[in-house]
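Shown next, in structure tokens, is the structure this report addresses.
We call the chains A, B, C and D, going by the order they appear; numbering starts again at 1 in every chain.
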Amino acid sequence: MSFSNLTRRGLMKTGAVAGAGLALPTYLSAASHSGFTNAPQGDTVTLGFNVPQSGPYADEGADELRAFELAVEHLNGGGDGGMLQTFSSKALEGNGIMGKKVQFVTGDTQTKSDAARASAQSMIQKDGAIMISGGSSSGVAVAVQGLCQEAGVIFMAGLTHSNDTTGKDKKANGFRHFFNAYMSAAALAPVLKNLYGDDRKVYSLTADYTWGWTQQESIQAATEAMGWETINDVRTPLAATDFSSYIAPVLNSGADVLVLNHYGGNMVNSLTNAVQFGLRDKQVNGKNFEIVVPLYSELMARGAGKNIAGIVGSQNWDWKLEDQLGARYTGTNAFVQSFGTKYGFPPSQAAQTCYAQTLLYADAVARAGSFNPCAVVEALEGFEFDGLGNGPTLYRAGDHQCFKDVVVVKGKENPENEYDLVEIVEATPAEQVTYDVDHPMFAGGELGNCNPGA
Amino acid sequence: MLGLNKKDLGVLLLVALLAMAAPILLNPFPADSGMAQFNAGYPDLMQRFVIFGIFAIGYNILFGLTGYLSFGHAAFLGVGSYSAVWMMKLLSMNVIPAILLSVIVAGLFSVVIGYVSLRRSGIYFSILTLAFAQMSFNLAYSVLTPITNGETGLQISLSDPRILDGANAPSYPNLFGAQMNSAATIDVGSWSFTFSVGYYLCALLMLVAFYISIRIFRSPFGLMLRAVKSNQQRMNYTGLNTKPYTLAAFVISGMYAGLAGGLLAAMDPLAGAERMQWTASGEVVLMTILGGAGTLLGPVLGAGFIKYFENIFSKINDNVLHGWFSFMPDGIEDFIITIIHPFVGKGWHLTLGLLFMLVVIFLPGGLVEGGQRIGRLFRRKKADTNTPDGTKTPAE
Amino acid sequence: MNILEVKNVNKRFGGLQALGNVNLNVAENTVHAIIGPNGAGKSTLLNCLVGKLIPDTGSVMFDGRSVLGRKPYEINQMGISRVFQTPEIFGDLSVQENMLIPCFAKRDGAFALNGYGSVGSQRDVIDKAEEMLVEMKLADKRHMHAASMSRGDKRRLEIAMCLAQDPRLLLLDEPTAGMARADTNNTIDLLKQIKEERDITIAIIEHDMHVVFSLAERITVLAQGTPLVEDTPDNIKGHPKVREAYLGESQDAA
Amino acid sequence: MDAILLQLLNGLDKGSAYALIALGLTLIFGTLGVVNFAHGAIFMIGAFCAVTLSKIFSLSHLASEPSGTDFLGKPKYDDVLYIKEWFGESAGAWMLDWSVPLSILFAIPVMIAIGFIMERGLIKHFYKRPHADQILVTFGLAIVLQEVIKYFYGANPIPTAAPEAFRGSFDFGVLLGFDPNAIIYPYWRLIYFAFSAVIIGGVFAFLQFTTFGMVVRAGMADRETVGLLGINIDKRFTIMFGIAAAVAGLAGVMYAPINSPNYHMGMDFLVLSFVVVVVGGMGSLPGAVLAGFLLGILESFASMNEVKNILPGIDQIIIYVVAIIILLTRPRGLMGRKGVMEE
């Protein structure tokens, strides 16, 4: 072999290091003594922010990361404090978490379960992260949530909308602030009835994977309950980029509403195609043809451009909430102010969720007086809070899902700039979107017991 | 020894030594230093190094020896993972049946796909394998969700039957009770080294896989595979049937992929459909070419290279950069960070792409050739110092 | 005793009759040359013998067994080896490895999953290959990259590889095409030597009359896909039909 | 009947995108013998030419007087477009509206230049290298190109609208004697189809009827012989690379209004276009076009509900199923030549 020289050098070096290892007194690391994984040592605590940095959701990931950085700054006493000022719990003092300065590491989920888990593993195993947060798809959220459960750290989900995250795949160490498909449907149904009447025929296109199905199921159940009829539901491949062949038959199907259960690039393309085919200009059954996109983000609206005008959808939060709907949504303006000042544009709903999740975690630790995941879980379960921009909110103990008002939005006809693409139609109160823990759409999983790890 | 000649035995021992000492070698920087960012000696990444090493070693038996460029090997990896997770759901958390089944199922799968695809050669073969793998991925993501759990990926859950496991059996993949995620951390001064059960199991299997691959390379069978690459016409007119040779190579590499998939699931009980996507198939092609196709060590090096970038470079954010360069005056610090920024963190793909190009432009034989050049450089230096009159040999 | 018997073979490509009623008998332990102008169907006939093409009608018997419908590798295992017009060797492998492959094919048959023992441990095969290398004066090039050898050496290696299988019938397709005079003479000497030392039948397709008349014991002349004459070299030389159909025209062809 | 015709239109439309990309890919392969994994990225850059031109037209400066307050309560200044200041209100608005068609003029020199630089700077050195090396280096290039685009434009799709006049759809069926509303098709997609037909026809005519094309076709058939004739085939091949890049780039420009461009759209099309090229037969131009339309049409038919009800999920895999069937029944694709890319 031609590297014989290198080999010998390598051997000697290895030998020396191994020898040193044997000669020095060794001890097992502190983690195994404290009773839980990655107990913070010294005067810092490390959080792991795992967001998509490559792939189609990279911009959403970037926005999440901005929010995380802002939250860390506020926790450590920097900046204007943001929603710490308005948060109903006052356990946080701006001196880090329990006096330990907050540090963070970042990673790239690539919006793939495997890569997301690898990235989270490295945060847990290498960087000593005690909490993982972020992400922008349900597949990733469920995968990372499962990992955190096994590893014994807390997972504070980022943007994940599938019922499964806190349904059949729920885990004791995982918490979701974001709303879900059932809530979208429950919030949208009454608004849709007001806008479009109670006699409508729905044709839906659904992304052919778990999230798409749960959203379609939820929307169908909610709209049929108020008298609408679902005449067809067509599954579309995830890899599809051109939806013309799915859109073209819609007009002659007798339907007068098209529901697009797509997210990200899929939704941008399917909506663009639907508008191209002139669906929005048509009259069917004597009514205007309407398009509904149950979940869309600000970035998707931006990608769809003018096509988003007039499209009804739901959101977890919007930066104009407090201005338009009043003090119930206090915290919104404080957050928008500090985010806007730092970055120059208003935050997205993904940013707000990530910011809130970080604060909620820190607060739970402070209230529990311990970083032990089981203590944190106990502090978060059944926690009622306010002042994080969503109005009064409950972290339900039974499934670790947040219950709060859902915002119904509509694409603006004449947006002033690229951050002001939607207008708020109304906020559906939390009671209307609440469901039982054992609701059939969420059945099948067990929360299990909290796992503190080591 | 072991039926290998001295040179191969040397390579095997070198790899064994590196693999065994990896938890130390890959953590060269003290845990709290700024350079700790570059440490790769944590269980998950080390496991990925050796698992993807296995994948690439197997792929190299097909591509490196016969020259058949398969664009669908990720399908076998995925199938291996699904079989392993199902085994852990139904039978036992012990990883042995899981890994065995994953190898067998991937083997069967590759017999079928190989048999059909090998009816064609060249790019037509590549596209056939690609088509099969993409079909597997698309179906696994959507229609086959009852088997694969689609987007979310197949996971183990508390309610799984696990008929062989008793009430007190560990709830995590284990080898007769030794859990894959159990590890001992040893602190030496400010260095910290983690030795995990899972990694050593993977490393051991990688060594076995590597050993088998050396035996195949040096065997008459390996010679025939190289002959396939060189001249199929001559093979046919020398009384040799190329079809079973290529099929055997295809199936062996498929089984390697299945082993890798099974191990991925054993280390981390989740099987996601993305493992079967064409990008994943492309990744192993890149690993093999990048390291040096047809060489023994190349694929392992290539696998390590790509996984290192994916996991280490992607985590370098601006905060980390500021940490490194904080000793500099503000203006210069910001300037340097502005320059580095596009290449690290979310820009890790850019760096990877540039490195692909640089390696293939300047090192046509892959990383192994780079190693050989450095080796030659060392030898020449030594020779120079040995020349009595000290005259330098002119550069080539 | 005929080792190869071709009876009434016809082959059409679309509208073109490439072979029409070809009959050919090659006696054992002779050198039999097949000559004919370009397009006479020599290569088509050869391809029908080795399994690359299947005749539309007729039969091809080798040693009493039909070769029709068999794959090239099966026919080779029956005892027919073929040397190509441009040497077909394993260019990426060393000369020694090139030699080893036919030796393994001889010992292990068309396929053997012999993936565990190393090549170096198979003494019988190594020895056999070495013997051939020495015999064919290629031993000093043992470790050379086969592709980097001279054309003459490549030809020599290819013939050596064929002989290593101890074939009963050696088919040569214009073995001296494109060679310089000296190399051609070397090849003639080599083939003569082979003939003397072994029990082997050689069938040769050739353009070069010098080669044909130096080697052949019998000659078949092919024109427009049909055998014109079959006779000894001396008789062929003076045959009027041959002159008309072939030699007369071959001035510009050769 | 009208449903089938509608899907046929969709198929032709999709097929024309596939065919345009595959055409360049197979042209490069046929002339240069290079497997170009960066071809998808070239298509993507074409689409971003349209984005870039509309960004250039949208360059602006802030008005001197504030018009209100922004979301943080600070004074807000409106953007004033340079283009409207320079060319007047209506001409400026027209240019902005027509930025996609105008991008064609912008894209042709840009794409040809990119093609030249790629070929002279990189690909040239890989003619004699194994296909595996070509794949690795062009794949690396594809990653670099898309990351550069991502760095400047972000990962989010960027809406790029067609001119106002072509935005809607019209009743195509009435022209063919169907009932009103039976076949409604967007203007821009019909334009795309017509545009593709013109480009494809142009490329074929160019290769068929010019001396340049004749030499290139001869070179595709037998490079060495043409080289022996003393014709500088390399220079012509460089030009062919530029043309291939321009074709893919124009396909991208015109595609921008159909689906908002994003940085990874090239990768989405890469695998598909390779399947198209191979199904058509490596190095065969008519094969690539035929396979493009065939796969586009079959894909559209597979997504019809009537088909999906019988074979669930068929639209997920139709392309690959067809590719497998064709490659198994026709060893070299629809129109491939023997001996190309088989070693």
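As a convention for this text, a residue touches a chain if its C-beta (ideal position, glycine included) is under 8 Å from a C-beta of that chain, and two chains touch if they have at least 3 such contacts.
Owing to the predicted nature of the structure, the values given are computational and were not obtained by experimental measurement.
Visitor: Chains touching chain A and chain D alike, please list them.
Guide: For chain A paired with chain D, the chains in contact with each are B, in label order.
Visitor: Between chain A and chain C, what's the gap in Å when you average each chain's C-alpha atoms?
Guide: Centre separation, chain A to chain C: 73 Å.
Visitor: Centroid of chain B to centroid of chain D, CA atoms only: how many Å?
Guide: Chain centres of chain B and chain D, defined by C-alpha means, are spaced 34 Å apart.
Visitor: Whole-Å distance, chain C centre to chain D centre, using C-alpha means?
Guide: About 52 Å separates the centre of chain C from that of chain D.
Visitor: Using the average of all C-alpha atoms in each chain as its centre, how far is it in Å between chain B and chain C?
Guide: Computed from C-alpha means, the inter-chain centre distance equals 46 Å.
Visitor: Please list all residues of chain D that touch 2 or more other chains.
Guide: Each of 313, 316 in chain D touches at least two other chains.
Visitor: Two-or-more-chain contact residues of chain C, please, as numbers and ranges.
Guide: Correct list: empty.
Visitor: Two or more other chains in contact with one residue: find those residues in chain B.
Guide: 138, 142-143, 349
Visitor: Every pair of chains that touch: which are they?
Guide: Touching chain pairs, listed by label, are A-B, A-D, B-C, B-D.
Visitor: Residues of chain A touching chain B in their complex?
Guide: Answer in residue numbers: 1-7, 10-11, 14, 17-18, 20-21, 24, 26-29, 31-32, 53-54, 58, 61-62, 65, 69, 104-108, 112-115, 117-119, 121-122, 125-126, 137-139, 142-143, 146-147, 150-151, 164, 169, 208-211, 235, 237-239, 445-446, 448.
Visitor: Where on chain B does chain D make contact in their complex?
Guide: Of all residues in chain B, those touching chain D are 63, 67, 69, 116, 119-124, 126-128, 130-132, 134-135, 138-139, 142-143, 278, 282, 285-286, 289-290, 293, 342, 347, 349-350, 352-357, 359-361, 364.
Visitor: Which part of chain A faces chain D closely enough to touch in the complex?
Guide: Spelled out, the residues of chain A in touch with chain D are 54-60, 208, 232, 234-237, 239, 241-242, 244-246, 248-249, 251-252, 265, 268-269, 272-273, 276-278, 281-282, 299, 302-307, 319-320, 336-337, 340-341, 346, 419-420.
Visitor: Which chain D residues qualify as touching chain A in the complex?
Guide: Touching chain A: residues 2-3, 6-7, 9-11, 13-14, 17, 71-72, 150, 154-161, 167-169, 181-182, 184-186, 188-189, 258-260, 262, 264-265, 268-269, 299-300, 303-305, 308, 313, 315-316 of chain D.
Visitor: Flag every residue of chain D that touches chain B in the complex, lowest number first.
Guide: So the residues of chain D touching chain B come out as 35, 122, 125, 129, 131-133, 135-137, 139-144, 147-148, 151, 271, 274-275, 278-279, 282, 312-313, 316-317, 319-321, 323-324, 327-328, 331-333, 341-343.
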